[in-house]
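Here the structure is laid out as structure tokens; the discussion comes afterwards.
Order of writing sets the labels: A, B, C, D and E. Residues in every chain begin at 1.
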Amino acid sequence: MSIPIAWYLVLAAVLFGIGAFGLLTKRSALIMFMCIELMLNAVNLTFVTFSRSFSDIGGQVTVFFVMVVAAAEVTVGLGIVVAVFRKRASTSVDELTELKD
Amino acid sequence: MKLVAPSIHYLAIAPELALLGGALLLLFASALRPSRISNLQATVVTAASSIAVVVIAFFQWSDVASHGARTTIDHAIALDGFSIVASAIVGVGLLLSTLVAHDWAKRANVRNGEFSILALAASSGAVIMAQANDLVVIFIALEILSIGLYVLVAFDRHRAASSEAALKYFLMGGFASAVFIYGAALVYGATGTTNLSSISYFLGKNELLRPGLLIAGGALLLVGFSFKVAAAPFHSWAPDVYQGAPSPVTGFMASIVKVGAFAAFVRVLISALGTQQDTWRPIFWVLIVLTTFVGAGLALVQRDAKRLLAYSSINHAGFMLLGLWAGTVRGAAATLYYLITYAPLVIATFAIVTLMGGPNDTSHAVESYRGLARRQPWLGGAFAILLLAQAGAPFTTGFFAKFSVLSAAVDAGGAPIAIIAMVAASIAFFFYLRWTLSLYAEDALDAPRIVVPWPTALVIAFGVVTTIVFGIWVGPFADLAHKATLLFLP
Amino acid sequence: MHQFAVDPLYAHGVTLAVVIIALARVLIAFAALMGSVTLMIWFERKLISDMQSRIGPQRWGPFGILQTLADGIKLFFKEDLIPDQADRFVFKLAPYLVLVPALITFSIVPIGGSVTVAHHTFLLQVADPPIGILLLLAMSGISVYGVILAGWSSGSKYPLLSSVRASAQMISYEAALGITVVTVILASGSLSTHNIVVTQADGIWHWNVIRLGVVPFLIFLTAITAELGRPPFDVVEAESELVGGYHTEYSSLRFALFFLAEFMNTITMSAIMVTLFFGGPAGWVPNIPHLRWLFPIIWFLLKTTTFAACYIWFRAALPRLRYDQLMDLGWKKLIPLSLGWMLIVAGFIASKAWGFGMIAALLLGWLLLDQAFRLGQKRAASLDSFLPTVGERPVRGDLFRKRSNGEKA
Amino acid sequence: MIAVALTIPDVVVYVVAALMIVVGALGVISFRNPVHCALSLIMTLFGVAIAFIEQEAQFLAAVEIIVYAGAIVILFLFVIMFLGVDRRDEVRVDPLVGQRAFAGVGVVITIAGIIFLMARSHWITGVPHVATGVATKGNNSNVQELGRAVFTTYLFAFEATAALLVIAVVGAVVLARRERASTLESSDA
Amino acid sequence: MHSSLWLTALLVVPLLGMALLIAFRKVTKGAYIVGVATAAVELAISLVVLFLYNSGIKGAGTFDFAYRLIVAAPFGLAYDVAVSGISIVMIVLTAIVVVVALLGARETKHEVAFVCWMLFLLMATMGAFVSHDLLEFFLFFELTLVPSYFLIAQWGGPERARAALKFFIYTFFGSGFLLVGILYLGFAHLHQAGGDLNFSYGILSGTSLSHGTEVWLFIAFAISFAIKSPIFPFHTWSPIAYAEAPTSGSMVLSALLAKLGTYGLLVFAVGLFPLALHTIQPYVLTLAVIGILYGSALAAVSKDMKRLVAYSSLAQVGFITLGTVTGSKLAMVGAVLLMFNHGVITAAFFLIIGYIEKRRGSYLLADLKGLQGPAPVLAALFTVVMLASIGLPGLSGFISEFLILLGTFGTHQWWGIVATTGVLFSALYLLWAYQQVFQGKAEGPNATIKDVSGRERLIILPLIMLIVGLGVFPQPLLNRITPSVQQIVVHVAPTGVSK
């Protein structure tokens, strides 16, 4: 037993919060996207921390799956960003305004 | 080191195998055929897979009826009445959507192959969600479903709105997934497992004196689910996405996502966190009030048909949540019944919306529906019936759907929330009625005639007929939902 | 199966002596690596000029062996230029991002067997972490950053193009690389490089290159060459297309660092290849007292030098691939091949029947895949028309109208 | 909770990891240039990897670097450069909540709430769990246990990721492929 | 016990009529003929039911024609029909009013759709009156909204959209309470008795509830019915809706749908929660009395005839409410009778207004003057109806109001006294209106209007006959009403002074 799990849990929570804040406030799709990755990393850290204190491998396996999901999400997400950019490139509108109330 | 692989009950995973098999078949075929696979072939394969899901559901049902509900693959997935019915709904929803999409693809001159592959794979995600008995599996299934949909939403590359919608959906969906899995992490910390049965077992055996971690985790799971089912205040993506997505996809999304997400939601709340009912109920209370009112209220001011229907679906989500709020067997059955009846209804509605969108899928102003029933009495009449059913007019399935959740809520001691929901329903009823009325307006008789291809006509007819027939002959579906829930995994 | 051992150095607790030994290992290894880089540069220049019937460096030192040193000193005293458009922080950071992974990767290479100094027995390898060879994959992932960021931060067109190329190329080949490494891990049953070497120690037939069939080795060689960006996969710094590639805007010491890192990487990867496929330090050891520890090192150096020479040979002999050929090779050939081979190996490890079944299945799969690729190419070629502009839907009528207008005209 | 004797190296490692994580994360949300954000993200990822190693999850640490730093962030950079968004107008969307401050307060309250709830329940309430029956052993490589769990308890999840990856690949291809005319238009050379 | 097929026929015939309509929608005048024919058949069946009802059993108040079929057990949904002496009256009223409305207030614009909606409304209203199951009642109760909405919104006056909206939102809002109340009651019974969910009236009336619960449920039911009726202060939708609706719509709204409210109040609210009545009584009575006075006052100042009748309806509904909640048997019988009579009277009123509107294109009091000169028969008809509404002895209004007031004086003297003034008020404003419209010298277009044609006379004749006939000889109805009311009154024992 070394570092108390609380330290890691708080760290992860803070990381999650920073990610969420970024996602809610940033206006660039790519950076919002990175913020999602931050959040997922916070989750990973949480899982690993619990996994260590339970001596249960399950948490680590879950982290593994989260990473796979993150990779899949990135693949598709960046594809969407590229698709949007292709549409928008010619018009140089800096906001997505097609869909509004 | 000897590795003992878990036993697999193949019948339990047969639906997703059928769907993924269809997807892979199409994938290989499109790679190996000298000429591309035609839209017809893609549609046939998709339809066959979805019919297979329904057929498998019958076998599963008899299996569960005789052997009882059970879990398989090391308790990762559950085979019970609830999951069977939910996956059958997914099958039916996919079948209907693919028929609509077939016509749309033909009209819009789009290749249907990838569309079908993605739809099949996304549906398999929904099926897995319905069966999942582990938070990790739910998470992965959720992603399968969502990723498929992100792409489907962006599928129409002729409209900028389509990819914009996909981007919004993606960002919100990613956020929701992250929140969900963080919730799962905290629940894992609180209970030492992610398996729903084990969580339930743990919480049943141990009274948590300090349930903070569990509460935090549960709340985050709830937020994650709320995003997926578009419950206010986590609904903000839905109108944009519904509007931007290609219309057949919107119908698909409105039905399949709701089925998958609510099925998993029910399982998590009632099966795993059932003991914590007192904690999550107040949150739901707020959620339901917001959702029903936001859905109904904002729909009133919409000018775009798809946006309007998006808010309407938010409103419906609020009602489905009402069944969850009850948290009883009756509540679960009510939500299931709602899903059973809602899926064909909403797909048929969007089938007509798809037709109305024209070849470019762009003319979706509510105004353009004026006088539809005068120009084309059958189409307009069908749409009127569908709208009334969505509103919850008596003697349609829409009414009994609302009735079932309300009765479950009242049964669980929620008369006030039921009344509040009814108030929202009255607002909702109004905008449906107003729309229906405009179908009979007389000042727009010269709009071009809409050609109804027979597959779409079939879907619309199916939607209308089930709505009316099972709105009067209520017994079968009500019994089905009830029995399915009685066969719920303990 | 072999008994896997952890580094015996830490077996009896951590004392001051142990710390000193560990530090010494680090210092010696990296000093040696640095030194060998200067030699490597000289070696490459000399060898390649021999192959091209030139003389090569000859002025400084015997056979020009100090030429590198002289070049280094010259670069050191040159003016350090940073372009106006550059992103200064990243521009300065990038060279280190290339250099550090090369150094770290080297730390997992077993140079020799175990040695006993002052009653402490230890392995001749900087570190033997339990994740072992995964470090290679991790670091090869990181080293891309140096290239990408260098190109991007220069604020100049050609380096940027180079960056984009580099990122795509490295991602493409990393997949094949990783899968091949998995094949090796399957055979060795461990991630640790030390254990991987140990399992190959029983003679030449146990070397992975033989044991796994030659294919994984060839894939690995190809992929690692592409990862390094060395010829024939040097589209990243193709002089005829991109001026100097990602380091066009670099000068002075920073340029030297790139140079250093490239050669260091070459050496490290040669060493890794030796470790993974050629038994590392394994080889015939004559029974000479007190010097037994020396022979594995010599074997290792010999093998590594061979591969280093191999790279130089490639550079002299092979023409650069076109970018699309490079992508083709990576995605359509190496990845399926490595994946298939991994499955075959896994099959044989499970049982012979599985193995042969796997071969049959993969043959079928390969036929289908090949057919699919052919069809794809044919289709791509036959599609003679693309939509006119992005964002506008061609309506059937419009197209017909356009054509009929054309006919009239 | 039992008082834990902390060793200085542990604390140092933790502090370094935490600093990397937090500073990196703050960098992601405060830099304007997406490339700098990506670099900050890498710093966070390394911090997380260090935290993993500190918690005896070496394998995951390696995978974290390989998958996140080695593939995901590279993809980000690739797209940033490919689109040239760092120099031109960005691809933007409306944020969920318009008000920065509102979002800030909301997030702070939420996270503070979560931390408070965790602290109230003394950080952990679960028990070493019986369902998987597989525990990490000492400081040995846990790769084997990981592999075993993947193929037993998490077999279905593992298989499901296959579907996930298939759909992601198909999706990416669909999204990225250029528009091509279908048969009708192709006659119009 | 008679066959329930009669009641089922009441529901099926309009549907068949609709099917026929749609099948022969291209035939000229087909809609009119089919519509009237269907309604006539309906009327015939309802009369048969009226005469068969408990025939041979003297003074029996039990339900007849009963039949119960479980449709969906988990929902407690059943097809459960039966009629009591109260509902039988309402059924006949429904059939009569619809026949007259179809005949007399024909809409030529989109006639097929119009007749369809009317028949649909007929079916829904019939369904509500024959239901012996709360849930089923609710279903039909709700279902009436849809056709009414369309009738107002498509064939109404210039402000029809707003009127329809107001009508719809109000009533739907109210029915939410009703549904939740029904559900609550059903589950209360389920938790007591076990078994399946069941909303049958007979079974639920045996549920024992705490007094507080009964009061709340009564309120929930009452709100819904009060809105539908409408009872003051839930009436604000009604003037505009009555005014903007087409003539037939106004007839149906005031003569039938309003009765759904009062019928529900009597049978379901009072009938199921008799004990709550004790607590609630003063408030409802007060509201009823205020309604009477307020309706009369507003009727006196209203500027058009439709609003006038609408407000007078409010006053009349006040009387009905008064009779319903006093707990006195006499008053209750009177209330039921008034439901019928008011239905007939108000239908006649709107029919006459429709005649006027057809001729003059307006129903504003200001536009009309001296009509009795050119149209004496019209004036005479109006006079009869007006006098019935005022409560002139010998006409139908009198006996019912008299019974109500008599009953009320027995139990709640002071309310009775105040309510009586309402009768005087009604005389006041109706005579005033008569004076404005029919008396004086006709000028301009008023001078040239045609009198009612023979056909129109024929159409209104049944209503007039009923007004006169029931004024003289209400016994056939009273015989059927009284025993059923007795059944309800028994439960209201603590306060009910059964006379």
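The rule is short, and it goes like this: a residue touches a chain if its C-beta (ideal position, glycine included) is under 8 Å from a C-beta of that chain, and two chains touch if they have at least 3 such contacts.
If you're wondering where the values come from, they're calculated on a predicted model, not measured in any experiment.
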**Prompt:** Stepping chain to touching chain, what's the minimum from subunit C to subunit E?
**Reply:** 2
**Fill in**
With subunit D set aside and all else fixed, contact clusters read one piece
**Asked** Taking each chain's centre as the mean of its CA atoms, which one is farthest from the centre of subunit B?
**Response** C
**Fill in**
If you tally C-beta contacts across B-D and across C-D, the winner is B-D
**Prompt:** Which one of the chains is farthest from subunit E, going by Cα centres?
**Reply:** C
**Asked** Which chain has the mean of its C-alpha atoms lying nearest to the mean of all protein C-alpha atoms shown?
**Response** B
**Fill in**
Expressed in whole Å, how far the mean CA point of subunit B lies from that of subunit E is 43
**Complete:** Separation of the C-alpha centres, subunit B versus subunit C, in whole Å, is 48
**Prompt:** Distance from the CA centroid of subunit D to that of subunit E, rounded to the nearest Å?
**Reply:** 67
**Fill in**
The distance between the C-alpha centres of subunit A and subunit C, rounded to whole Å, is 30
**Asked** Got the subunit A residues that touch at least 2 other chains?
**Response** 9, 16, 19-20, 23, 29, 32-33, 49-50, 54, 56, 58, 61-62, 65, 69, 72-73, 76, 79-81, 83-84, 87-88, 96
**Message:** At least two partner chains per residue is the criterion; list those residues in subunit D.
**Reply:** 59, 63, 71, 75, 82, 91, 93-94, 96, 114, 118-119, 123-124, 126-129, 131-132, 148, 153-154, 157, 161, 164, 167-168, 171, 174-175, 179, 184
**Fill in**
Among all residues of subunit B, those touching at least two other chains are 109, 136, 140, 143, 147, 150-151, 154, 157, 160, 164, 167-168, 171, 175, 186, 188-189, 192-193
**subunit C to subunit D touching residues, read off their complex** = 87, 89-90, 93, 129-131, 134-135, 137-138, 140-142, 144-145, 148-149, 152-153, 160, 163-164, 167-168, 170-171, 174, 178, 190-192, 383-387, 390, 394, 396, 399, 402-403
**Complete:** subunit C contacts subunit B in the complex at 368, 371-372, 375-376, 379, 391-393, 395-396
**Asked** Which of the residues in subunit D come into contact with subunit A in the complex?
**Response** 1, 4, 6-7, 10-11, 14, 18, 21-22, 25-26, 28-29, 34, 37-38, 41, 44-45, 48, 51-52, 54-57, 59-60, 63-64, 67-68, 71-72, 75-76, 79-80, 82-83, 85, 89-97, 100, 103-104, 106-108, 110-111, 114-115, 118-119, 123-124, 126-129, 131-132, 134-136, 142, 145-146, 148-150, 153-154, 157-158, 161, 164-165, 167-169, 171-172, 174-176
**Message:** For the complex, give me every residue of subunit B touching subunit A.
**Reply:** 136, 139-140, 143, 147, 150-151, 154, 157, 160-161, 163-168, 170-171, 174-175, 177-179, 181-182, 184-186, 188-189, 192-194, 239-240, 243-244, 298, 301-302, 307
**Message:** So in the complex, the part of subunit D that touches subunit B is made up of which residues?
**Reply:** 91, 93-94, 96, 113-114, 116-132, 144, 148, 151-157, 160-161, 163-164, 166-168, 170-171, 173-175, 179, 182, 184
